[in-house]
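Each structure below is given as structure tokens.
Both complexes below contain subunit A, partnered by subunit B and then by subunit C.
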Partner chain A sequence: MNAIASLILSGGAISMLVAIPFLAVWVLPHVYGIRLEWLFGIVIPYLAAIIFFVGIIYRVVKWAKCPVPFRIPTTCAQQKSLPWIKYGYAEKLDNPISTAGVVGRMILEVLCFRSLFRSTKMEFGAGGNIKYKSSKWLWLAAIVFHYCFLVIILRHLRFFTDPMPFFVPIIEKVDGFFQFFLPVVYQSGFLIGAALTYLLLRRLLDPKLRYISLPADYFPLFLILTIAGTGILMRYVLKADVVSIKELTMGLVSFRPVVPEGISVLFYIHLFLVSVLFAYFPFSKLMHVAGVFLSPTRNLSNNSRIVRHINPWNPPVKIHTYEAYEDDFREKMIEAGLPVEKEAALPADKE
Partner chain B sequence: MADIPESWKVPPPKAWKLSTPEELVKDVDHRPLSLLGLEKGWMRTAPDVEIKPGMHCHAALPKRLETVDMPNPRQWSAMDEDWKLPRNWKEIILEGFKDRLGRFRSFQLFMDICVRCGACADKCHYFIGSADPKNMPVLRAELLRSIYRKYFTTAGKLLGPIAGARELTLDVLREWWYYLYQCTECRRCSVFCPYGIDTAEITMMGRELTNLLGLNIDWIAAPVAFCYRTGNHMGIQPHAYKDMIEFFLDEIENVTGVRMSPTFNRKGAEILFITPSGDVFGDPGTYTCMGYLMLFHELGLDVTWSTYASEGGNFGFFTSNEMMKRLNAKMYAEAKRLGVKWILGGECGHMWRVINQYMGTMNLDIAEGSKLEEPVSPITGTKFENTKSTKMVHITEFTADLIRHNKLKLDPSRNDHLKVTFHDSCNTSRGMGLFEEPRYIIKNVCNHFYDMPAGTIREQTFCCGGGSGLNAGEDMELRMRGGLPRANAVKYVHEKYGVNKLACICAIDRAVLPNLMEYFVPEVDVTGLHEMVANAMILEGEKEKTVDLRGEPLPGREESE
Partner chain C sequence: MYDGGKIITGVIIGLVFMTFPIWYTSGRAAKKPDIKLPVKEKQCVEPKEYMRVKHMQLLDLWRDSVVRVAQRSYVAFNGVKYDMSLQNTCISADCHAKKTEFCDQCHNYTGVVPYCWDCHIEPKEEPAEKPQAEEKH
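Here is the complex of A and B:
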């Protein structure tokens, strides 16, 4: 599977995913008079939501059921040892020995991408002269992408709540801080596009990344890019009928689904792609969102010399006992003046 | 010196010769693909995967596996066409895979959550030094993940290569073997991974699987077999172990004029001391071992050595978790038999990862009913609270505490001819966090200390190139390539500050770094920490010292002839 094949596959998949609702909601009614809005507006979103929640729970339960036989944190700072050796906040967070430290470490990891922030770039010069430079671009793109995604999801609560939670207008206000145009331009939509484009270009232009990338890496990028693209189109270009859309979305969350008239096909494409993302999520690498919380190198404290960690399946093993060892070497040990448990057998006893 | 069985020392194959450092790095190019990337992807094995001489170790001899009841003992070589595998090898691997997915959350999780962001790609010393793209940590893991997807995920079963899945074939197995034994489980990549994915976990699982088919390397299997029977990796028998130490006593007496009298297997001692047998057998570890002897003597410590628990290291760790447990059991068993209060451990890397993160979990049951208690330094009264469950103290923790309390008479000027830098061992760094103790000691026993650049020390330290049982002779090219980042950082401080001594607290480092230095930075020599401590120590009743433990003249005290 080389980069070209991966790109064609994932690009092709996305084109198909766009074509399906387009054909079903736009072409079918025009040509055959069949209406399928109920399928794309109600059935598929419900199915996707069920797959999403059930799938995530299934995966997380499966992971959680797996035992953690050993306490194996990656220690990234000085350990807690002698009282006069500095063990301050930085150490508590990067080499925790308490639950509070672990919680702090996880917060930094999940909210600030601590480990990615460490990243360096290796430069291999002539004669094997190697340099390591700080490299924060991946961290920056990842942070921008994830936080924009969060903001966008929170903004979309506008469609699923009535009245809206108090924070939605605040987020909209902040997100639309630079009021260039009407309607207000939300930066998150464009920033996420920029971050995704960077992540995609990085995969394509860095030979190392191109080598390791699978279709499963390009597909979610394309999918989220297309979702963002259709969203932006609806908001700024082909103005969608927001009132009807809210009728549909409120119907979905109140379990009294309706399909209002006059919703554009673009919305159905957007909704279908979101449904695909939801349904794809539990079976894909996107599960890293849940997995990071369970990672034994991050969520355990480095205290196994202080508190015994229990391995639920600690296997009984055959060991070479001291007695067997002494039996092997008793004469030599006595000759060398090493203490022994049993004296050498008398010649008569050897029979 | 020690009676190492001749059969263990296998000469490298004649056809292969290590090139010069310049030639070695000449073709290193970290761009695995052309601009268009039209090449076949990494899932293809033969003919892309070629097991090269100099880049792998000899296969385990059958008798090693027989000693410890491991499967499929037979004569074989990685270069052979036929690896003499059992007929149902594929089932064995897949069953073993499934079993481990259910027993190790790390393994299951790390199979599932990688996003291939590539943050780890250029962090691996083997990738840096070889540019072989399959040495990128992410790809090393993908070699196993592709099989995981094929046999254990629905998408992989249905979509095959599109989902990144591939069939388990003999070529895949060869590829696994080649790259699993090109990883030193140093965990540097896991520092940078946003999800903490630890390639060491994946390599360990992969190696456990290869061991189900009898595919170990001899440099791991031999120490395991020796250690099981004689108590140490070198296969030193009890009388010879004592002889070795007594030889050191003569050496120490020559240099200092003081005769020491350590005890062995002594019941009722307060402390049991366990160090890697490499310190007893191989230079320059032997000088570190002399250092321990001098320190214990000077303190009048109530300590005993053991010929049964005569190995701190644990090559079982590189074989399987069961084997690690079998070999490690001797520590508590011997502590209990001798009735000691606590255990003191010598300078070693993976030994300390095992002690810090595995030993209590695995074997603390054995210590039940023993006289072990929370370690307290009999000299300073310091309670080692961080060891209260495991009851084993690292010697640098012990010595740093002594120095802090002014319990050692030190003359650092005796080390004035040394310009020292410190190599953080992977395991004590990323599996423990032992950074300040050794540095504190170094700064107190010598006057010229220079750290290597940030990004190459502490939690970001580089492997010596021969960890996890890869410190053989026949894989010297692999070792030099893997050691390049470390050597490069040493070279930097050598050129900048005139550093001429590379200190370390690991027996494998002491075995591996001298070759590496000789190859890349020949002006720099390797030392253990307690060798420097001993050289700086003013012993009670010592004669006028003119040379250090190596017999090299002390600065300003050359013998006038």
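Here is the complex of A and C:
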């Protein structure tokens, strides 16, 4: 699928997803007097949560059923070898032989995106020379995006807990460090927008990336951008009735759902898009949140030269030992004058 | 399933984290804000629906107007003139007399910490009344 078709498809999908709650919560009551807040405020979020949890467990169990009999880590350093060949800290992380090394490697991978940090991009220089260039911007945008998303999710705990856990006000304080505008601007909301824009432009402006990008790549970017956009609109521009919203969210969390009056349609659009993100999650590339832990190229130690790994599902092989073979053919072998290890039974017994 | 023990442990840890709000909140009834509305005054400077969602922007506007332009008079939506003052107009005896019975109700419920009181001195309530009377003697 080419870039324009992908963009139209995923952009169209997002427009429809925005239009559905808008029509249902804003237009329907005005034209037909039908109220569907319960559907978008209660039923769809619960359904999305069920799909999210069941889907993730299903995917993880499916992955867990795939056998990984042999050690296939991607190794980026010298293997543990003879004592006089250097095997230092870098080697322990990049070519681990112990669980501790693997854990260290995984921590750096999950928290710092180390492999992305180390990745280079290949370009042709003058005269067709191959050049490997550092590509830290991708790493920067990725890490800014992920940590901003984490901060935003943790900030949203103020709607889902009562009283708030101690870390929420601390996060809010750090996030609103510059204390400008009212309500105080949280950097994370705008940084995530900038990072997502970079990740989107990267796909659009690089011909090679544009060629391999699919709707499955554009759709999550558009979806998260729209969620961030509606959130920013609600907080800074159009405003929302936060007390009623918290009544709704607390109702969801405590399984005593209520639909308070006076919540704007923008909130229902935001909530519907978040529900779509949750429901879409298990079927999409976003599953890398669980997949990173289950990557055999990351989570295995490179101890093939130290431990013998036997394929656990090898079928039992039918073997025919020499002893059994000789038992079968001993007399014929003796007849033909071939040497045997065990002499034939004495014919005298039979007489 | 291969490495089932490790993977199931990981899934359970993930589930515990992701369902944090459910088990953190369970058993604790969320108390809704109980706002005490003024008895005497019936109309705020703007309609209730506006004040519910945009009072902070109005107060921000008032602050800028008073502190930066020295303009203290606010013409309300119904033409009535008010003095732009958080402590003398909003938190006056006739209106939202007690911060704890009005402002704090929703702010605490939704975890909002407005920075009004970085500059303004928080109005003292009940226990403050007696010492003030004693000072006069």
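Assume the second predicted complex is superposed on the first by the 312 of 351 C-alpha atoms of A that agree within 3 Å, B and C clash if a C-alpha of one lies under 4 Å from a C-alpha of the other, contacts with A are read in each partner's own complex, and residues count from 1 in each chain.
As a convention for this text, contacts are C-beta pairs under 8 Å (C-beta built on N, C-alpha and C of every residue); 3 or more make two chains touch, one makes a residue touch a chain.
Keep in mind it's a predicted model, so treat the numbers as computed, not measured.
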| request: Could you say whether A:66 touches subunit B, subunit C, both of them, or neither, answering first, second, both or neither? | output: both
| query | Of the two partner chains, subunit B (first) and subunit C (second), which one does A:137 touch, if any: first, second, both, or neither? | reply | neither
| In the superposed arrangement, does subunit B or subunit C reach more residues of subunit A? | B
| query | So, does A:320 touch the first partner subunit B, the second partner subunit C, both, or neither? | reply | first
| request: Considering only touches as defined above, state whether A:122 meets subunit B (first), subunit C (second), both or neither. | output: first
| Does subunit B (first) or subunit C (second) touch A:113, or do both, or does neither? | first
| query | Just subunit B (first), just subunit C (second), both, or neither: which does A:310 touch? | reply | first
| said: Under the stated touch criterion, which partner chain does A:294 make contact with: subunit B (first), subunit C (second), both, or neither? | reply: both
| task | Check the residue A:177 against both partner chains and state whether it touches subunit B (first), subunit C (second), both, or neither. | result | neither
| task | Across the two complexes, find the residues of subunit A that touch subunit B and also touch subunit C. | result | 66-68, 294
| query | In their shared complex, at which residues does subunit C touch subunit A? | reply | 1-4, 7, 10-11, 14-15, 18, 20-22, 24-26, 28-33, 49, 52-54, 56-57, 60, 106, 109-113, 115
| query | Tell me, which parts of subunit B touch subunit A in their complex? | reply | 21-22, 24-25, 28, 30-43, 69, 101-106, 108-109, 112-119, 121-123, 128-129, 133, 136, 138-139, 142, 153-155, 161-164, 187, 190-198, 201, 228-231, 237-239, 242-243, 264-267, 307-308, 321-322, 325-326, 329-330, 333-334, 337, 355-358, 360-362, 364, 382, 384-390, 392, 397, 400-401, 404, 429-437, 440, 453, 455-456, 459-460, 484-485, 488, 520
| task | Please name which positions on subunit A make contact with subunit B in the complex. | result | 1-5, 9, 59, 62-63, 66-82, 84-86, 91, 94-95, 97, 109, 113, 115-116, 118-122, 124, 127-130, 132, 138, 142, 202, 206-217, 283, 285, 287-288, 291-292, 294-298, 302, 304-311, 313-315, 317-322, 325-326, 328-329, 332-333, 335-339
| field | subunit C-facing residues of subunit A, complex | value | 53, 56-57, 60-61, 64-68, 157-162, 164-165, 168-169, 172, 179, 182-184, 239-243, 246-247, 250, 253-254, 262, 290, 293-294
